[in-house]
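Just below is one structure, and these are the notes that go with it.
Should a chain be cited, it is by its letter among A, B and C, assigned in written order, with residues numbered from 1 in that chain.
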């Protein structure tokens, strides 16, 4: 364990204990006000906890106790922040923005610019180098901001909902880019999108009311949620598999056709995501179409709001109570789940 | 039929009676200036403003106003930063006191300066022993001008700092920039327009300083007699010269302020306060 | 102009006029207009004229004397702009000449008092000023009036008469400012009028010098042409020139004209 954190801040009812292995990316999920941003602030040194201790690679970031008082200023911590807003310095060009970190570290201007060019290339933004932030689209600006954070080669990269301000065309592109650059990098990513957690993180922690209520590998947390918040998230159907020309083929051989913004490269890994409300339940294979129609065995039937949630292994469907009674749904019954392709989102990994 | 080109057809919601009151307010400012224009002895205008004493006074005014503007920037920028970004007991009190010269009659400022830097004053006695004399020197003029002009810079810059928010600074710090680097490369460039308009206002206020200078610095041609003091003196004997110099001061002020003061930020650029838990986020 | 705009302009003018009228409380309007004398007098005359006015009111029952003290030059400007003064008492002949030259006063002005310069020093006389020549000693901070105002012209004349070239640290635009600089100890010495030193005797000391008579400042008085109450104005002027008035002036340090 090379990053450990124990921190308590009474005024925010915040008490967290967390550790990250080298190269591990952790997604932080949780409702608004749960303390997700406070966690990032404490790690970055922008907020001082009452007590606690944090160290990275044997270097103490802070140690605050009755008799000890060690505090490392934010600029000496080796944490870089990528926020929801790109927050590019408006008076500097994209290149100078990315060179800002290296230059602050004392690297000569020329060398710093070379580093900046390298990272702009990494985020496919070489052609934006001379533009001012005001001349960039939201997606372009966030790519440059990502390059700026990466250019300081941070010990821990902190991401605060980096995709939530982007439109649906820009988000998948940046998500793929983050997936690439976060590989093998230690990072904490605060997100409200379970898909981000699924695709970018090795591990998920769920925070509620200032405390960590769940911690574990992403798939485990989403499959067997113990907290109410994770349970809510887990409602989304997520099917991992291999990208085909039309969508995703799961390990069990099920074909999911759907909508996608990024071009699909067959053979790649990917995810299909769709809400239970988009799934219809039939007793027989009525439409004869092999696509998006799956023969499954009902494992569980439970009320979910004013609907009935029908679970079949990893998939779930929401039907009205009347339909549920008509169909006589009960565990063990064999049914067909049919999903409209328009409701399925395909994300190549 | 006349066709009026409207610059903006958007609804502005200003009642007509408010416009009428605004017209009265504008008249109150413009009418005296227009009346003064009517009293200018135009054939003699150029000789009057280019007399030796006038030029000396104008030169002294420009030099001292420039010097006090520099002092305002040197001390006003740190003050504005501390007031806008700091969080310490007595902050509100400090702000009130720094802004006090805005509402004090200048002559009160002059008396206060006298008791601080005068010969018998708090610091003056020590300075006198050290061989430094402030009263009756150009230094005294600069001090008096700085005293009255400093709040203009602080108010203007503090406002700019508050509306810029500290989100960029937080990000810059996490990128490894030391506080001084953040100030130099992020904070100051971001608030440059506010700093510029604050400096211009300070310069204009310094240029017009009269009461504190008269009380504290005295009046001697080329040393302490700035343009306003020269106008006051000329008024005793030569009304034409006083009016001509007044007009000159108005012109200089209008040029300086008009050229560089951009006014307050337009509506819509609301103050962006960072959320306490996450300084890079806008408070909801 | 559109009707709305014209109405707005009229309203603006009306509000402005009403506002200004509300602020303008004229001294002459107060009380019984037929029995009020408004006197504009140089600031240095405050003490003797206040005392005289009280006596005048006692001697002329039902008559009110309204006094307005300011710099002679300011008062002359106000009168030429139509201020409702009945009597004008100036601290120098030039200022009075400006008004009489413009035909704004009745008849030739009459001199009623004189004033001479003296040296004022802070209590204790820190710079040990003993003579007029000491004012020009290196290191002595002397403050005088600017040549544009009467006390400055007098200072210049006295200096020339004594053969001393003054190098003042400041040339103030009023004698009050000179006195202030001396009283606060900023200046080592200042040239002011004898009457000023007498009025501020707890704040400054006097160092008399021979030759002060070389620049005697005479004070003229005259009735204003537009005076509403000419007999009262004439009566007040007679009182100033009469024995009682002269006695008050002598008491304040003024000399005979």
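The rule we apply is simple: a residue touches a chain if its C-beta (ideal position, glycine included) is under 8 Å from a C-beta of that chain, and two chains touch if they have at least 3 such contacts.
All values reported here derive from a predicted model rather than from experimental measurement.
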Chain-level touch network, classified as line, ring, star, complete or other: line
Innermost chain, where centres are averages of C-alpha coordinates: B
CA centroid of subunit A to CA centroid of subunit C, Å: 85
Inter-chain centre distance, subunit A versus subunit B - centres from mean C-alpha coordinates, in Å: 51
Chain centre separation in whole Å, for subunit C relative to subunit B (CA means): 35
Shared interface positions of subunit B, touching two or more other chains: none
Contacts with two or more other chains, residues of subunit A listed in rising order: none
Multi-partner residues of subunit C (each touching 2 or more other chains): none
Footprint of subunit B on subunit C - complex, ascending: 4, 7-9, 11-12, 15-16, 71, 73, 77, 141, 143, 146, 148-149, 168-173, 177, 180-181, 184-187
Touch list for subunit A against partner subunit B, complex: 12, 35, 37-38, 40-41, 44-47, 73-81, 83-85, 87, 89-91, 100-101, 104-105, 148-149, 152, 158, 160
Contact set on subunit B toward subunit A in their complex: 167-168, 170-179, 181-182, 185-186, 189-190, 192, 275, 277-282
Interfacial residue positions of subunit B with respect to subunit C in the complex: 16-17, 19-21, 23-24, 27-28, 114, 118-120, 135-136, 214-215, 217-221, 224-225, 229, 232-239
